[in-house]
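Per-chain residue numbering starts at 1, and chain names A, B, C and D are given in the order in which the chains are listed.
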Amino acid sequence: MTQNYPLYLIALLPFLGAALNLLFGRRLGNGIVSLIACGAVAGAALVATKAVWILGHDLPTKGMLVDQFFEKDWITAGDLHVAAGLMLDRLSAVMVLIVTWIALLIHIYATGYMEHEPDYARFFGYLNLFTGSMLILVLGDSLPVTFVGWEGVGLCSYLLIGFWYQEDKNATAGRKAFIVNRVGDFGFLLGICLLWTLLGTVKYAEMGSLLNELRRPFWMGWPAGYWVAVFLFIGCMGKSAQIPLYVWLPDAMAGPTPVSALIHAATMVTAGVYVVARTHGIFDITPSAAQMLVSGIGAITALMAATIGIVQRDFKKVLAYSTVSQLGFMFVGVGSGAYVAGIMHLMTHAFFKAGLFLGAGSVMHAMGGEGDITKMGGLGKHMPITRWTFFVYCLAIAGIFPFAGFFSKDAILAGAFASKFVMADTANPTQQMLINLYPKFLWGTLTLAAFCTAFYMWRLYFMVFTGTFRGTHEQEHHLHESPPEMTLPLVVLAVGAVLSGLIGVPAVMSHGLPESVQHFTGFFEHWLVPAIVPASPEPHGHALEWGLMAGATIISIAGIGLAASLYRGGISKAAENVKNSLQPVYALLWNKYFVDELYDLVLVRPLKMLARVLWRVADAVIVDGGLTKVGPALVGWFGTRTRRLQNGDVQRYLIAVVLGAAAVLFLSTFWLPYRGVQGSITKEGRRVNLVLGEGKVPNNRLVYRIDWDGDGKFDEENVRHAEKGFFHDYQNAGTFRIVVEAHDPDWHVGKSSADWILGARKPLSVTVE
Amino acid sequence: MTFDVADLQNSAPLLLLTVAGLVLMLLDAFSRSKLVGAPYQKKMPAETSEAYPLPVAGSRGYLMPVTVLLLLGILAVVAWLPGQIHGDHGVFMYRDMLVLDRFGLLVSGICIVGAILGVMTAPAFLRAHGLEMGEYYALVMFSLAGMVILVMAADLVTVFLGVEIMSLGVYVLAGMWRKSQRSAEAAMKYFLVGAFVSGLLLYGIALVYGSVGTTLLSEIRSRAPVFASRPLFYIGWMLIFVSFLFKVAAVPFHMWAPDTYDGAPTPVSGFMMTGVKAAAFAGLYRLFAVTLGDSQNALQAYTGWVHAAYGIAILTMTLGNLAALHQESIKRMLAYSSIAHAGYLLIGLIAMAVVGDSARGPLLFYLAAYTVTVVGAMGVVGWLSRDLRGGERLTLDDWAGMGQRHPAGALAMTIFLLSLGGFPPTAGFFGKFYLFRVALEKPSLLPLVLIGIANSLISVYYYLRVITAMYFRAPAPSSEPASEPLSSTALSVGVLIAALLVLGLGLMPEWLANLCAAAN
Amino acid sequence: MSMILPVITLLPLLGVLLCLVVPREEAALHRGIGIGVTLTAFLVSLLVLSGFDPATMNHVVKWAWAPSLGIHFHLGIDGISLWLVLLTTFLMPVVLLSTVNAITEKVREFIIAVLVLETGMLGAFLALDLFVFYVFWEVMLIPMYFIIGIWGGERRLYAAIKFVLYTMVGSLLMLIALLYMYIKAHQATGQWSFAYDTMRNLILTPQEQLLCFVAFALAFCIKVPLFPLHTWLPDAHVEAPTAGSVILASVLLKFGSYGLLRYAIPFFPSAVAECAPYMQWLAVIGVVYGSLVAFAQPDIKKLIAYSSVAHMGFVVLGLFMLNPRSVNGAMYQMLAHGISTGGLFLSVGVIYERRHTRRLDEFGGLWQRMPYFAATLLIFTMASVGLPGLSGFVGEFLVILGTFSATRDAIGIPAVVEHAKLLGAICALGVVLGAVYMLWLFQRAMLGPLTNPLNKKLPDLTLREGLVMLPMLLMAFWLGIYPSTFLSDIDPAVVKTLAAFKEKNAAGPATDAPRMLGSTDAKPAADGKPALPAGHPAPTAK
Amino acid sequence: MDFLTALMTIGLNHFLVLGLVIFGIGIMGVFLRRNALITLMSIELMLNAGNLTLLSFARAQHDMRGQALAFLVIAVAAAEAAIGLAIVVGLFRNRKSTDLDELNLLRF
């Protein structure tokens, strides 16, 4: 089942490349830097491919390759043992291939795109660092190891978004990405902790058999598994830019375009999808509230981002929202149990979205960095390769047969439509009906999103590549096709965007084809099911499935058609009219539903305010003031007063001596009666003994009055203490209050036990039977 | 009436001190001239500040080494005498008027060591301020003799005599800086209050004598239970108590102390803060902890002095520290701090009564540590604060930057201050540690210890203020010349010895602790 | 008998003597002595590692100091103190190297202060006798006071005295508690002893435990510093010179948490059971509060100081969750904080030396001028933020995990784990906030346009500064990448400590008189013979 | 006659009261008088009151210790007076005044 394989090389090679480039890159030429960077990734890709080959060829379906970075455990703390282990199973194999090969392509692309960058080496260092971290993420054999990669890619994302740090905007965008991701990581971390708390392990391979533990009710009526899933999904929301944590991704476009392609489209942002698939056992636990949450968030995100994408003018922003939207698709896939569909969309999306970004980079490269699509137009004739590859990508993302997007998106739609959510038995009919309707809601939302997708992608395509150029003359003069190191990846990715879907053709379509072809077209499903993830739910009946496919295609074509009618040959009057007539909607979309502003208002500002208040008020005044100002001030005040007593008048000193002497006299006599009424009580039948005075020595200098029965009259008066103390024989049973008064005849001071609590600090009373 | 020759041997320290005092007086009288060298001038001509004639050594320079040698000899005798005590009890002499026991010898030793260090640090100061007089040494000797009488006293008569002999010498010493108004005022105040309290002491002794019919402490001890309840005895005893509290400068009988310590010549202040206090505590120990009340016979339950002492200890620690808090003059700050330390010592005394004999060691150790530290500190004060125009530069501002100007002195001062503040590894720390340890054995003393601790904290503040001034602050920009530290080998050596003792007792406290614990 | 521990403890004092012999003017020579001595101490301290058994005391020395009072110069090292000691010895040469340009006045005094400080710190980490511990604990105080007061910033007087007074409040109370236990131990065993084992086996009544615990905990929590006792720290950090800040943050603060784990928790199980929830809450409040206040700071050092409050909150939380994961996490966080915050302060020192300001708004865009420095600062920032692969992660992860999973361990005190999940969640929130303020710091200082003309000529790290940073960086990576090095020594000791705690807690508090663990009838025999020491079998008749 | 009888019955208490009265006068003198010399004299009064009490007790108890102490006290008082006067003289030379109220250089 498991076999050792030096998987660490896959992650280590990019890290080495990063180390070399970051440490010494400034001294090396660009050529060597790119050689190191690309070489490292290529090496990783080759090793990874070899490993996947072994996995697919030599091992059974559930087999995996394993490896450990260190002999010993990575973290050992009491009963917690986390190994720095890597594992390659069929799910991570998909990811590893995507990551290494697409990273390689983008590295190659970047050698062209970034050639004029002074910080060339740093860029490639980061990029390699990212690749390594991403590989750790996908290869990690336990949640903590995944988390290491998870955070690592977050760091690289931060660094690369802020790569051009001289501009505050970029740095801020990077910071935003990191912090929003951290919010997600908060959940992720809690998920890990909760999981470990419940299962005692966080290793994927060990979790499966223990998952029943998670069915126990835990909190707020939901089972433990639900909460683990929710926490993990919060992490995924952050990393994969889902509502409400998607806000960082559009801003992240501040980074260089290859970065957007690699990190913010193809690989890193899909990590959330990967994690959900990886830990699907947790999400699958009934009741399927977690799945409903994941798919619901995915669906809404898909639609919302798609609608925003419709109106954006910045090339990369459109693509960014598109990414958010497509990630929503994937989450609907993995959330509704259609894991294969989700992962497959992840893969196809990696091809076409990376391609789209690279295409955007190519265009902006030609435009001198200009990203506003309203200033482009008619670029197709200047940049044919870019244009036609872009055309392919757009078809793919729009989901036109037989491009990759068609198969994967269709699988998701079908999966969503067919999904079954199970809730607690007690769900009342209304709830049950809503639950039953939920798959339809998902399907409907996604279909709408698919329409928007088709529309905005083609709007983009038409506005950029068709019509007439709307930019400046100078820009027009410089328009050119990009160099081969940039166009080559475009072409390769375009090929991928065309073909990658073919390994995941739905069974219904391949039905009747030759066995070998079926084997190929169902490859993706065979690869993942049942090795890692359960099979996607299939809609009941072929007709329904065909119908869904047809519907999706029609919707997409409608979207393309609408885009063509409005933007073919530039921004048409009709487009302007639509915009003007729907001004409020447009404004809402243009401002991205004011989510950033909302966050600013609800979170950022209050937090800043709170920080200031805590500092200036709580810390400076209350805490510090209370501890370091009040006390010393008080002491200081007394200090001054005390000094002032000493006014230099010697006769005052003498009076002080005499008063002091009086005080000494007073102090030394005053306490005696107090001590005299302290004592102890013992009972012998109805006889109660009372020994007064402190310690062993009876204070025979004092005289006492004793009221034995608490009636206010003293039973004994002016008695002195005998050796054995006082005693009283009670006639009747009952509880009696005893009052003792001590009196010092020499000094005429007295004290009563009524106001001086006797002995054990309890009112003096006695119960006799 | 018989006279036991052994008494001569047993009272040798006392006799030798007296004789030494006489010898020194004679030596002084037969020295050729009076003062040599210029006393300070009223005004310093600004243009000749560099050529300003420094006071030169007088012809009495040899007196200091002679005194030190004599004192060392006497110290040797004191160290030898414990061998003459057989058994647990002391040896009574002069018809039971004095007693020779290890306790008395140890306290005498502490006083003598303090005096030696004080004498070593004094002449440079005296010379610089134009008061180099042979009488100083003789008076120190006589005072010491009084202290020895007091610590060896076994009778109220000798108690009174000891107190008076000790005080008379110190009255004069306090006022020996004749040109200084402050010194005269200090002496006057000290004398007035002291004499007044002598009156109280005498009256108290008379009342006790009247009620018990004897002045012998051992007899009082055995008869006290019978008389304890009589107001006459009671009042008399409290008057005696009060007069000793005055000597140790406990609040509210302390008010003379800051003024006197502040105004007296610095070495004399040091002597008063240590020797007088040590001897007075020995007296308190003998009269109260031993005669009236150890925990065994629980006499304190009758006389209640522990309650009074409890309150006074709290007041003394607290007020002393609070008043020291804002002092600008280092000398005066030390004066108040010495009041506060009397409070800590009172804890030891109370522990003696409440906890028992195990408190003796801590009390004595604290006394020793305190003595060495304060003598050293006052030595440094005299050393570093000399003002060329006369008088002393004692304020914190004057001392700002002392760490740079005079690193050795400042370092020594730092050590002494840290010891006073109770920082390890100094004698002061171990003293406090030892003292609090024994006090904690009885829960009833816990509040006292906690207040002591709180006070330590306050005291840390003002001790550190001095260190802060010396090291952290730059000298205040001023046209006036800074203080000009004295240069004297004896002074430096004296301070060095004190500093080494402070550190040594902190690092290796056990021998002295054992010695103190065994000094019954 | 291995002499390593006394040698490393007292070696710095030898350096002090050397410094006293060398004339004041020879600043370079003094520096050389300082670095040489501390480096030697570091190398010698590495010898400790050979044949190290983390679960027991190694290289124990026990010399009589004042035996009649039960005081022994008793040193030993186990898994809990091992890495803290090595951290100390490791940091000292680095710190001294970092001061070559910063401290140019009174070099001799500075070196002496640092050396004395090192002795104090090592002694306190190694002490197995509470008297010795207290002495060294106090010995640390004065040199630090001088370091802040002499070489500090504008408000150094205030900061120095605040530092001392705050520390003294706690340590004096601790002294009282210590003495009280000493007396009680005497009552229970008939022998005077300050030995750690005696004190650990001493069982007091619940009320006594509570009071003593409060005294100990106050001393340590002030040092940590735990909210709301933290306000001395920002002042001390801001005013202290770089070296002082580094030592303060990296080592001195650790004494608080070390003391809690070594003394306060094992000594008083019933009090811990009572107080742990409060401590936990204060700790998480500290985490959130420190982070938020840090976010508002305009002064870099103050920001880092408040971040220390937050980070040390993790430590205290971890300690008081009382399970092996969280306590391991706390220990690890102590080390990590030592490296990352030390590194941050060193970095601040670098720019402070160049610009003599620490205000964030004076900087911005320094990356352009100082890329190597920026990389260094970035790494320390990320280490502080808790990025996996750097030092901060493992500790925070373990603390959060340990807190969250506290219910898994039956320590017999339900109150301790009552709010475990909530505490863990809030604590995890601290991780988020950590990123907020640290990245804010980094952006304000390093990123953005280089606008301030004063910053346009700043040189990058010099070779010496690089040498200072390099070991810190390496440690940051080491701690992040291969925590096993450290955890394999920490874990057994922590497990053992907790087992001892559990055992003592299970034995229950004393009813009226103190007793020793393992002896049921506590009172010493009437003839004054000591009760049997814990763990010894009763003598059997032959 | 009554007077004589009364005279015959003068006992210990009368002397004690006299001693107390003199002591009180001395104290009040110290408290109230501003002149250093007069306060010195008042202190002497206090000492003498003590002596008187001492002697009364000694006489009443037929014990010689008290009497011996009284002699010592006289000697001490003389020494004290001498020193006190010296100090007053010293003060006067410095200040040209013996008014105690003016002793306020040292305070606070």
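Assume a contact is a pair of C-beta atoms (placed from the backbone, for glycine too) under 8 Å apart; a residue touches a chain by one contact, two chains touch by 3 or more.
Everything numeric here is computed off the predicted structure, so don't read it as measured data.
Undergrad: Can you tell me which chain is nearest the middle of the complex, judged by mean CA position?
TA: Closest chain centre to the overall C-alpha centroid: C.
Undergrad: Just the number, please: Cα centre separation of chain B and chain C in whole Å.
TA: Comparing mean C-alpha positions, chain C is 42 Å from chain B.
Undergrad: Counting in whole Å, what is the centre-to-centre distance of chain A and chain C, each centre being its mean C-alpha position?
TA: Comparing mean C-alpha positions, chain C is 31 Å from chain A.
Undergrad: If you average the CA atoms of chain C and of chain D, how far apart do the two points sit, in angstrom?
TA: Chain C and chain D have C-alpha centres separated by 66 Å.
Undergrad: Give, as an integer number of Å, the spacing between the C-alpha centres of chain D and chain B.
TA: 28
Undergrad: Among all residues of chain D, which ones touch two or more of the remaining chains?
TA: As it turns out, chain D has residues touching two or more other chains at 27, 30, 100, 103, 105-107.
Undergrad: When you check chain C against every other chain, which residues touch at least two of them?
TA: If we look for residues of chain C contacting two or more partner chains, we find none.
Undergrad: Among the residues of chain B, which are close enough to touch at least two other chains?
TA: Answer for chain B, listing residues that touch two or more other chains: 188-189, 192, 196, 200, 258-259, 461.
Undergrad: Could you list each pair of chains that touch, in label order?
TA: Pairs flagged as touching, ordered by label: A-B, A-C, A-D, B-C, B-D.
Undergrad: Hey, which residues of chain A end up touching chain D in the complex?
TA: It comes out as residues 643-644, 646-651, 654-655, 658.
Undergrad: Within the complex, which stretch of chain C touches chain A?
TA: By the definition above, chain C touches chain A via 162, 166, 227-232, 289, 292-293, 295-297, 323-325, 328-329, 365, 367-368, 371, 375, 382, 387-389, 393-394, 397-398, 400-405, 407-409, 421, 424-425, 428-429, 431-432, 435-436, 439-440, 443, 446-450, 482-484, 487-488, 491, 494-495.
Undergrad: In the complex formed with chain B, which residues of chain D make contact?
TA: For this pair, the touching residues of chain D are 16, 19, 23, 26-27, 30, 36, 39-40, 43, 46-47, 49-51, 53-54, 56-58, 60-61, 63, 65-66, 68-69, 72-73, 76, 79-80, 83-84, 86-88, 90-91, 93-95, 100, 103, 105-107.
Undergrad: Can you name the residues of chain B that touch chain D in the complex?
TA: 156-157, 160-161, 164, 168, 171-172, 175, 178-182, 184-189, 191-192, 195-196, 198-200, 202-203, 205-207, 209-210, 213-215, 258-260, 262-263
Undergrad: Would you mind writing out the residues of chain D in touch with chain A in their complex?
TA: Residues 27, 30-32, 100-101, 103-108.
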